Amino acid sequence: MRELIGLIPLIPLLSSATLMLFAGHLSRFAIGLLGVGSVGIAAILTAKMGIDFLGNPEVFKVTLWTWMQVGTFSSDVAFYFDGLTLVMMSVITGVGFLIHLFSTEFMEEDVSYARYFAYLNMFVAAMLILVMADNLLLLYLGWEGVGVCSYLLVGFWYQNSANGYAARKAFIVTRIGDTLMALGLFLLFTELGTLDIQALGDAAKDKWQVGDSMPLIACLLILGGAVGKSAQLPLHTWLPDAMAGPTPVSALIHAATMVTAGVYLIARTHELYLFAPIAMIAVALVGLATSLMAAFTALTQHDIKRILAYSTISQIGYMFLALGVGAWTAGIFHLMTHAFFKALLFLGSGAIIHCLHHEHNIFKMGGLRTRMPVTFWSFMIGSAALAALPMTSGFFSKDQILLQAYQVDGIGPWLWFGGLVGALLTAVYSFRLVFVVFFGQVNTEPDKDTGWRMVIPLSLLCILAMMGGWIIIPVTQVFPLAVFEHPAHWVEYVSIAVPIVGVIIAYLIFLGGQLKVDVFTNSFVMQKLQQFWFSGWRIDWLYDQLLVRPYYGLARALKLEPVDNFYRLVVTISQTFNQWLSAGQSGQMRRYITSMVFGLIVLLAILVRAS
Amino acid sequence: MLEIILFYIAATVALVSTILAMTRANAIHALIYLIVSLLAVAVIFYLIGAPFVAALEIVIYAGAIMVLFVFVIMMLNLGAKGDAREKTWMRPSVWVGPALLTIVLFAELLYVISSAEGPVSTGVVGAKQVGLSLFGPYVLAVEIASMLLLAGLVGSFHLGRRYLDRAPSSELGHQQEGE
Amino acid sequence: MLMINLILILLIGGVVAIFSERLGADVPRKVALAVVIIDLIYLLIALSTIPQLETLQAPVPSDPETWLMHYSVEWIPAFGIKIELALDGLSMLMVLLTLILGAVAVSASWTDIKVRQGFFEANLLWTLAGVLGVFMALDLFLFFLFWEVMLIPMYFMIAIWGHENRGYAAMKFFIFTQASGLLMLVSILALVVIHHGNTGVWTFSYFDLLSAQIAAQTAFWLMLGFFVAFVVKLPGFPFHTWLPDAHTQAPTAGSVILAGILLKTGAYGLIRFAVPLFPQASMEFAPVALWLGVAGVIYGAILAFGQTDFKRLVAYSSVSHMGFVLLGVYAWNILALQGAVMQMVAHGFSTAALFMIAGSLQERLHTRDMREMGGLWQNMPRMGAIAMFFIVASLGLPGLGNFVAEFLVLLGLFQVDRLLAVIAALGLITGAAYSLLLMQRSFQGEPDETRQLVDFGTREMLTMAVMMTALIVLGIYPQPILDISRPVVESLISFSSIVTGGSL
Amino acid sequence: MEGLNIPLNHILLIASLLFVIGMLGLMIRRNIIFILMSLEVMLNSAALAFVAAGAHWGQPDGQIVFMLILSIAAAEVAVGLSLVLQVQRRFRSLDMDSLDWMRG
Amino acid sequence: MNGSQMQALMPILMLSLTAIVLMIQASIKRDEKATWIITVVGILLALWGAGYARDFSQPVTILLQVDNWGLFFTALVLLASLVTVVLSQDSFSSEGGSKEEYYLLLVLSALGAVILIQSSHMASLLLGMELMGVALYAMIAFPKKGLLPLEAAVKYLVLSGCASAILLFGFALLYAATGELSYKGIGEKAALAYISNPLLVMAGTAMVTAGIAFKLSLVPFHMWTPDVYQGAPTPVTGFLATVSKGAVFVALARIYMDAELHQYESLILALSVLAAFSMLIGNLLALLQEDIKRLLAYSSIAHFGYLLIVLIALTGSEMASEAVTFYLAAYILTTLGAFTVIARVSREDQQKSQISEFEGLFWRNKIQATALTIAMLSFAGIPLTAGFMAKFFVINVAIQGSHWFLLSALVIGSAIGIYYYLRIIFSMSKTSGNDIGFRDRSGDITALLLTVLILMLGSWPQPFIAFAGGL
């Protein structure tokens, strides 16, 4: 059975290859069957493995073949299976399956149906490899693989060059992180002599002391990779643009799975982070800053998917915060619950978009509660979980994070407070979304309702989003046990109360209208501030000025190949000499004689002088 | 002593007449100066003990070869117009540069030659001695010289013969079209 | 004899191709394809009979008997010049690459060449023969001979069948390589003369010259002669400027051979000759070479980004990629060197394929200007998908050959010089930038629905399939290749460290 | 005639003076006739130097070379003058400067 | 002069005999065909004579030195003359009129070259050079029409005369210093004279060098070259480039070796300067030249620069004399190859020698295009051609003598050279408007033979190296 673990990524991969090669020869139904079925089988296999594991929680490793072995460097294609892997695999295959199913309806009319599923299957395969990888190099393979799939899917509708731009941006920005991570890999190998994740931990124990600079640099480099992939500050700018892809893609890749890879990576290499407390703090700070920044931005967006995108950034910030404070279990837990409710929200928004002729602006929606009841309820549940209202899945995970953050020595309360502000904002913007879209008057009439292939995934995700909090993730073997002292009760009460306050504020502003904030928001400062937030804190602009434009400028300046100028100069000099000398060949014999006489004089001078 | 004075006189005559020959506008005048120069050189030959060569210089050089020049000049019939043009060609801009070069060259030669030592001649090397040598070790040279003269003959025959053909008008125009 | 036969088959095949044109305009290409495939099969059969291949013992660089194959016969005894060919794992890889890409090139020229096909295919085959010679010759004179002679048919390919600016490009290509070749000739001769002065023996044999005793100062200059020749061919910064012109102007098959094979001769030369012959000098020079390599990686990538001409962009990407090879060679440890070898193979396939795509586009659109393309995926989905594959390969997607290469090079370089490795790693980002731009500008974006374009046919798909398979295999199971080159690389490293006292 | 005490270098000087004068003539004259005359002067100066050197060593070889030079001069002048005739015929000029059809 | 000496002079005798027979034949009945045949037979006999004389190597009087080395070049020069004769056959067809004198002059010129090659004495050097030259003046001016041949002939005559005068004066100075006229004698006495009075010896050497440098068209004595090459009828140009220059170089090498001039460092310096300037300026001048004959003229300047390196490095290397032999042989064959094609392509109008005339030659006449390509590659020094082996020798010799300065000039020059040689090849590969093929039996055969020789010398040089080593 264990050997079959290799099949789990292989089946989607084969399905993907089949879809690519024989796209033209398959019916739509067959394409759908292949695309969904393969992930389904993977999900079933995962479930089987999970049941086995829960029965007999034994970590194992399956080596398929030696990937490369050069000198002392060796890397296998090998899969490592433990509780963390299981959680990730379950999320990927489970949520992935639902989203695939959803897609069959969502993408029904698209001409590139097969291509879509090919990419999506390939993504699932790559993501599985990422989380199953036994060593960092194979992980890197999956890491880059999901990046490319993300690129392909963001730019799926390639006819529009804006999509292409978004796709490229997504790839290149994450590539910056990836490169940092690759450097981290180089450093780790150079320092510790292996890239095998388990062996790394052991080697680190032998060679490193807590607080050394090497682990710090290595961890920061890995953090760089994680930041890129998980859209954290300062490499988050690609994610909102990545919403150009089909909505199920956003749900799967840009909410549930790929973007959380960074969280997974840090969790996976937490043994290294233990040697670098400063890196841990950096992780926490990055997470907190990101979550606040993104929450403010989400507050001002109009585009339903952008709101959700910023929300994703913000939520992943929470996960980073968790990782940074050593609450790994809580972080992974939040990863899982977030996958449920954010996938739900995205699919819901997908359903809306699908039925509203690709309308993205929330202010052109409204009153959909009655028109699209299934979607409404999904959204309600999703938003509740996102806002971490009590008893939803999000509540459990976020609560843990905040409480553990509070306990950190020194800066703990500050982290907690920051997290609370974020939670408040989250509640506000998520219910702003709900109230604006589903209540009030109907602005755009939906032309169809959701079919069963959309309803089933939505419903299942609703259940998960509600009940997911009760799942106990089997990661106790993976992470060191957190020393958990229950903090003061008021801390817990405040944590619970804040989201509720947020929902109420949202209600008062956006639905009830009791809270008149127009005067406040229309003030000059707030206007500017809103614009600032709306633009994503002008970070895109900053990058544009600092990096993109200079690079374009450089490329343009160099286009004509300055190095060649040197060779052109040589040519010019030769030609000039040629012209001078040719001019000397004037055809007049007297000059020729003069030249000879001159030569004679020189020869005589040379010979006579030396004697 | 007389010989020595004679030598320097001959040398001066040779130099002056050569310079004159090189600077005349009229070809015939120049030629006559040249012949004078050759005769003066013949005198020098005689003085340094080479009477046979002196005779050859007069007979062949000044006599035969220069006469060839005379013939050609007469055939070309250059006339006064040519003389006038020659004068316009002799501007300083034409001769200053070459003259400087020449002076430098001469300075070098002067420096070199002034190091040559010894008297020029200890006795006469007469025709007999020359003849013996000529038909001894140098016999092949004579043969080759004959071939050389044959080449000169054939060449000038081929080239000169055409001049006697009815000369067409200048080919310049024709050629210019072709360029 | 086998090795000579390999070359002879191609040479004679070329002659046959010329005359076969009388039988019909499309006969030469069939002849050429047959010849290359016969050659390939012949090689494979011969290799399968070699007992050492299974175990692949480390060849001692200076002892030809430990090599896989060795052939030597007197040629010009006056100078001790021999026809000496030998094959070890490294050259075997290169020979295989050459023949496979040779077949690809013939396929690329299938419809591209409309006039004088016989002569074209002959030139193609002769170039291949020359390249094979370069990879197998171990007599420095013979090596130089092949090195120079292979350029002539290549020159003709560019000059006769090239695009609008072919004269300039062909000339530039030829002058760059020849002029640098002259420097190498001087170096070779100086080496031989010095060796002669020491031992009284005239020899051009690599195996003998490896042990030549040269004063450090002299060795440095001689090494430089080799280095320049090889780096021009590689091409390394700042000697690369011939490449964009030559690649852009060459006919498709020419670009395939140029980028796929010819550039590798430079890298091969560095590994085989420049460093082992002058280990001490190379060691001293390594920092400079590494900086040049890094400069090539970054500079090539930036220039690629700025191009609007499809082929030119790919050409500059070659500059960037071959910069990694230079890095790999001069980092001179097993990781980096293996990476360099991998890069040679993988880049051969990926760039050859991109040039084939470029050629197909030009054939169909009559332009290489990407500003006139866009949305071609719509018109030619198969070509689009394949282009995507090779573009992600060239940007170094793990799982494909190029990644393995670049990773190993960078990893190896990191052991030697961390700063350089960090800068070189920027190439991964810039590489992504130009690769995706290429995709965006040509195949993505607004499609022109009115265009009627023929998608890839069976022949093209087959050709591409060969290269895709190769890249995937290289990417996920590179170990066989690494195992073939490992003994060579290891023994070269240990050999040169013996000479330099282990300090390299 | 023995004991003639003319130093060798004096004659060589005269020869070299003649030589450079001839050379100057070559450089400044444009008329082919004069150019040929200058050539004769140069050859003659070389001949003078030879005879002088021969006399210096008391050998006949100098004189023999003189004779060879004589034949050379004759052959050259013969061909040269017939060329002059052709030049006059085809170019309608004896100006060497106008014979510059080929250049570059 | 005994019998064995006469036998040693066989090639010279045969050529002289040919000249006489030609005279007689012309006086009986002027028949171009018969003249041609007699010329060919005569040169073939002389070639046979060159082989025959090998067994009689000896000094013949004080003037000539018959040895294997000289005989080899004699044969080479005769071969070149033969090719010239073949090329001349229908080169002046548009001229009309008789060509009997032409062949006679050609034989005389070749005779001069042979004498020059075998000369061991100043007098024979002088006579050989002048015989060759005087006949050449007439050959250059041979065409009845056109201005260029005439202009070329006049320039060549005057400049060559000037050079001869310089050479003579130089010899006079040497004679004054040493009292000797044979090379060996000069060499022996010069060493002594150099101690007492170096100035005269050196000045004489300088003027001799200048005179010979003119004939070899070394910078700055090179300026006549392009005009004469261009103006002369193409076969004559070929003759001039091969026979004349080759013979003069052999003579120079003889003087240099017999008179042991290599011991004078200042002379080495002077030659180095000449060589370096020739290599650089020759190649630079050729760079953008549009006329192929002028181009080859400039390129010949550079090539004699390369060749001079060997002479300079003479003492430093054990293979310098082979190098001279090989380089000259390669150069002569290559030049002949090139001029064969040029003569055939432009045979209707000798003045049409623009590179553009050669456009599309590949598609018009493959054999001749290939021959010209091989010749150009050989000039450029690409392996497998004779030119490469020649350059190989030069570089080898230069390295052995550690002449790095000259070597760098050679590398730079060669790099420039590649450009213009390639330009010609490129031009041939162009597709031009007049794609009309032409066949030309004698031209094709000659070109083919020369090409094969060039390639053989380049790819299988061992027999020849062994042969040259034994000379």
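Letters A, B, C, D and E mark the chains as written, and numbering starts fresh at 1 in each.
The working rule: contacts are C-beta pairs under 8 Å (C-beta built on N, C-alpha and C of every residue); 3 or more make two chains touch, one makes a residue touch a chain.
For clarity, every value in this text was computed on a predicted model and none was experimentally measured.
Between subunit B and subunit E, the least number of touching-chain steps is 1. If you take subunit A and subunit D together, the chains in touch with both are B, E. Number of steps on the shortest path from subunit C to subunit D, with steps defined by chain touch: 2. Relative to subunit B, the most remote chain by averaged C-alpha coordinates is A.
Comparing chain pairs C-E and A-B by the number of C-beta pairs in contact, the larger count belongs to C-E.
Each chain gets a centre from its C-alpha atoms; the one nearest the centre of all protein C-alpha atoms is C. In terms of their C-alpha centroids, the spacing between subunit B and subunit D amounts to 5 Å. Centre-to-centre separation between subunit A and subunit E, using Cα means, comes to 77 Å. Centre-to-centre separation of subunit A and subunit C, using mean CA positions: 37 Å.
Separating the CA-averaged centres of subunit D and subunit E is a span of 26 Å. Across the assembly, subunit D contributes residues 8, 12, 16, 19, 22-23, 26-28, 30, 35-36, 52, 54, 56, 59, 61-62, 64, 68, 72, 75-76, 79, 83-84, 86, 90-91, 96, 99-104 that each touch 2 or more other chains.
Within subunit C, no positions touching two or more other chains are listed.
Taken residue by residue, subunit B touches two or more other chains at 98, 101-102, 105, 108-109, 111-113, 115-117, 138, 141, 145, 148, 151-152, 155-159, 162, 171-172, 175, whereas all remaining positions touch fewer. Pairs of chains meeting the touch criterion are A-B, A-C, A-D, A-E, B-D, B-E, C-E, D-E.
Residues of subunit B touching subunit E in their complex: 108-109, 111-113, 115-117, 137-141, 143-145, 147-148, 150-152, 154-159, 162, 171-172, 175, 178. Listing the residues of subunit A that touch subunit D in their complex gives 582, 585-590, 593-594, 597. Every residue of subunit A that touches subunit C in the complex is listed here, in rising order: 20, 23, 65-71, 73, 77, 137, 140-141, 143-145, 148, 151-152, 155, 158-161, 164-165, 167-168, 171-172, 175-176, 178-179, 182-183, 185-187, 189-190, 551, 554-556, 558-559, 561, 563-564, 566-567. In the complex of the two chains, the subunit E residues touching subunit D come out as 122-123, 126-127, 130, 134, 137-138, 141, 147-148, 150-155, 157-158, 161-162, 164-166, 168-169, 171-173, 175-176, 179, 181, 226-227, 230-231, 289-291, 294.
Within the complex formed with subunit B, the subunit A residues making contact are 590, 594, 597-598, 600-601, 604-605, 608.
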